[in-house]
Amino acid sequence: MAIPDWLRSRRTERDDSRHDAALWTKCPSCAEVLYRPDLSANLFVCTRCQHHFRMSAFDRIAMLIDGDFTEIGSNVLPSDPLTWVDKKAYPVKLATDREKSGMTEAVLCGLGSIGGHSVALGVMDFYFRGGTMGSVVGERLTLMLEAALQKRRPAIIVTASGGARMEEGMLALMQMAKISSAVARLSEARIPFLTVLTDPTTGGVSASFAFQADIIVAERKAMIGFAGRRVIEQTIRQKLPDQFQTAEFLWRRGISIALSIATNSRRFSFACCRI
Amino acid sequence: MNIIVEREKGLLELERRIEELRVVNASHAVDMSGEIAGLQAKYAQIQHEIFGSLTAWEKVHMARHPMRPTALDYLSALDAYDELHGDRHFRDDHAIVGGLGRLGQRNVVVIGQQRGRDTKENLLRNFGMVSPEGYRKVQRLAELAGRFGLPIVTFVDTKGADPGIGSEERAQSEAIARCLVTFAMAPVPIVATIIGEGGSGGALALAIANSVVMLEHSVYSVASPEGAAAILWSDAGKADEAAEHLKLTAADLQRFGIVDHIVPEPVGGAHRDVPGIVGRVVDTVGAILDSLASKSASELTDGRYSKYRQIGALNSERGEATESTP
Amino acid sequence: MNIIVEREKGLLELERRIEELRVVNASHAVDMSGEIAGLQAKYAQIQHEIFGSLTAWEKVHMARHPMRPTALDYLSALDAYDELHGDRHFRDDHAIVGGLGRLGQRNVVVIGQQRGRDTKENLLRNFGMVSPEGYRKVQRLAELAGRFGLPIVTFVDTKGADPGIGSEERAQSEAIARCLVTFAMAPVPIVATIIGEGGSGGALALAIANSVVMLEHSVYSVASPEGAAAILWSDAGKADEAAEHLKLTAADLQRFGIVDHIVPEPVGGAHRDVPGIVGRVVDTVGAILDSLASKSASELTDGRYSKYRQIGALNSERGEATESTP
Amino acid sequence: MAIPDWLRSRRTERDDSRHDAALWTKCPSCAEVLYRPDLSANLFVCTRCQHHFRMSAFDRIAMLIDGDFTEIGSNVLPSDPLTWVDKKAYPVKLATDREKSGMTEAVLCGLGSIGGHSVALGVMDFYFRGGTMGSVVGERLTLMLEAALQKRRPAIIVTASGGARMEEGMLALMQMAKISSAVARLSEARIPFLTVLTDPTTGGVSASFAFQADIIVAERKAMIGFAGRRVIEQTIRQKLPDQFQTAEFLWRRGISIALSIATNSRRFSFACCRI
């Protein structure tokens, strides 16, 4: 389906009026007040300080994919294997986030093309359960990686996640194993795999496919790390420096590449398709 | 405070009384055997009452019991164990122990997470919390095993990966992530045994296996009960409740298709009979390796792929629940 | 003090005089073309006298000339160059630059040793002395190339590997040693170009190649002349003599079968015509890649094996000298 | 040839009388005065402080190999490709060291067995040109590794070297490439390779085959490193700690294993043969 049609077909599930209610938004980094249409036109990068705003999976796919987009795993939906209840029941939380984000789960996967190169793409969405990974995220990403393997196309995953989803217990943790196994097959088949790490990428997502790619691109100022900031601060009993666990911190430590998604992630997608 | 250790204090008093009577019985030629038998029966009864059926939270404490056998207890039970050290790049992480050993008639590479057994060792071993260089040692040993066709046998026992500044600086995420791929790709049999606490990704890094064995009272969880309670109810005191929710016991995980074999423990826990439980685990692992011995490299990697491919709980569009149990 | 830079000072004076005359000639309508031609002839004569035939020691200084084109000059001449950073474990070593690029119609992985071009960059680049994490970045890039079948193109320019405490602590030896094996094994064409100073093992780590290209005035040596003189005569002042002994020029090394192609430099050195020399080097490397393009992975690794297998000077028992030249 | 016969055949070239002149020797580590036959019986380990004495290649081979020993490359001898002269001419230095050490070059290679396991073995000797690596060391070790490959036997190298031999210039440096290429072939053929690093192992030997092995064993207190101690001290303009670049230092840094050759290197040789 062509991207505009696909977005329109999805829009029925999205409450756009609520999304676009605020025409003005404040940059969380430099406090500049930005006009939303301008921000969107600038690919969600603050015009003043280059802060990269969190993006919905829809916006990011529209930004990256330049032709048709065929969704993968859209009929794979969450269940409640642990019949989990804390302050709320898990199915209630899922329904709320589905309503809020227009997403049926925390990742959207599919086949499309970037700059004329056919790719398999998965994009996580922080607005659905903080991008946490449960069985559906694992299944959809695995289906996408298996499609990349079968069609011999480069695979790209844009991450945004707080880690494994506690409400699915060990079934959530095992998704790390499942996706890693699919990445291993892709690697053995010598098919390029690229990840774009956006704010935030932590826990079980960070400690699995995010850092298994052939090429890792990180968005400027994105928070990226294994352990949560609070856990570390409790462990060491002191406050962490501001720069800690940012993309720039990783870049200096030689872990990945800190780049603006707006300009360079497309270029790196090309580079990935070239190899 | 470990609730199992607390409960054992009452039993310890009874044990001492029985032992005293035994000494009297032996030295004074007074027949106390009736009293001894009575106390022993009472001991067994109490032991069964308090350990016969453990809650999830009690199992968490059993898994963390200071006397519970550690990785080195299992490793040193192997013949010709030769330890290999270090990641060759940065440091030798003592929270990981491993090397070459012989299990039955088979040469294997063994890797374990080693927590401390006393304060001094806790510091040396960082309480069993592995740093990036430890996970890189794991990768190095797993690659060595792969290169020379040796089965990989792991023993998992960690609260979780080390959450320190240095570990973030040296890319803890990358270290664990590479372990997962290395284990997924290894062209040899892998058997992982959860011997104590299996804490989240830090445990999984050693546990992508053809067969996952778990001790009866070990736990294996996506998050620590304390951490989960703090997040869910903003109250770490509700850890016991969280433990139930998390489905972290061997029986739960066998139901989910995550654990393949459960090794029963003596009443009172594995530490009541260390040589016995070590022997039983080693025999179980040996038998599994026997059953995997005839498989080709691709059968082994395919076997791991299908094991993990199936795990998860999904609803299809039409509302049919897809069960995860294989 | 660089002896080439010193000598250039005299020429600079002459250059300025020629330029002044040119300006006068253009603006005042006075015909000075005769004088200009005379000075130019003199300039060429002097230039030829002092640069026409360089001693080994003079070449050492030419190789270290602050204006000599560096790795980034060559890398940025490639199409679609995308830099990749870091070893993913510890640090991004800026003494190594590299990434994906296009050379002619071919996608390649390029890797270079980058020294500084001014004081600030010298600090950033550690004077081109690579640390273990830099060599591990090289391995990572070379493995990426191998996985995706991309040729490896390297540019060598280092005094030697970093000799600091941290580098020893993080196993400099291991880092270089693994590079050597990685390059030996890589199932893709490798072309290494010595663009400046090729200092010992730290240079060789990027230079096990199917074809080794060397700029006319580059040097490649088992030890620095200063270091050699200090060891041999306990007198670093005899470095010029040591330079002659060490047989470190392109011509010497071609005779030994170590260097395969020599790229001539303009009179006065590569820095007198940076775009020209960069173009010539890129064209040479491109032509070599063309000639290697049809070879299979095993032909490529076998080719490297036989190249290095033959190098050495031996006497058999019977006193027959075995020449090393292929 | 059986080890005693082989040693006897070699003894003609060795001036034993000079070697054994001093019946007593002082431990360089603890200053204990030791009776040479006792020291030899204790496998050249100080009875008081476990200092490992440097050993000749002959002594070490006699200690390690338990059956026959068939030398490899004994007819490969040095030449003088650079017609090198510094304080003395290179051929004069070679002749002196040949006389002094009874070795024709700085390494001795061959096939034999250790604890019943057939191995290919190379042992460097610090008493010949400080164990430096020139064309002959490169050629003999390569021949040994090629024999290991051809016969599919584990390869073991005991290192002791100041690095590349300056008197052979770049031909010496290229031996790093030559031996590394042979190690690469061994590794691809999945044949185990073990190195035992003894005092000292530095420079081009350290930065090539010493650290390319599947299993690396280091002798206690051996000096092991890339750059020379003086070079580092000149660079950083301060004195280095005593422990720097010892086997124990490496062991803590996770680089290798510090063990007594007397007890454990045989055990590790078995381990190596098992894999």
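For reference, chains read A, B, C and D in written order, and residue numbers begin at 1 within each chain.
Note that in this section a contact is a pair of C-beta atoms (placed from the backbone, for glycine too) under 8 Å apart; a residue touches a chain by one contact, two chains touch by 3 or more.
Predicted model only: the values in this text are computed from it and were never measured.
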Approximate Å spacing (C-alpha centroids) for the pair chain C, chain D: 33
Chain A-chain D separation of Cα centroids, rounded to whole Å: 54
Averaged-CA centre spacing for the pair chain C and chain A, given as whole angstrom: 43
Multi-partner residues of chain C (each touching 2 or more other chains): 88-90, 170-171, 174
Shared-contact residues (touching 2 or more other chains) in chain A: 187, 211, 253, 255
Topology of the chain contact graph, where touching chains are joined (line, ring, star, complete, other): other
Interchain contacts, given as pairs of chains that touch: A-B, A-C, B-C, B-D, C-D
Residue numbers on chain B that touch chain D, as the complex places them: 80, 82-93, 100, 102, 107, 133, 137, 144, 147-150
Chain C-touching residues of chain D, taken from the complex the two chains share: 75-82, 84-87, 135-136, 138-139, 142, 164, 166, 168-178, 180-181, 183-185, 187-188, 203-204, 206-212, 224-227, 231-232, 235-236, 240, 244-245, 250, 253, 255
Touch list for chain D against partner chain B, complex: 187, 190, 192, 211, 214-216, 251-257, 267-268, 270-271, 274-275
Contacting residues of chain B [partner chain C, same complex]: 88-90, 132, 136, 170-171, 174-175
Of chain C, residues touching chain D in the complex: 161, 163-165, 167-174, 176-178, 180-181, 184-185, 200-201, 204-205, 208, 220-223, 227-228, 231-233, 245-248, 252-253, 256, 258, 301, 304-305, 308-309, 311-317, 321-322, 324
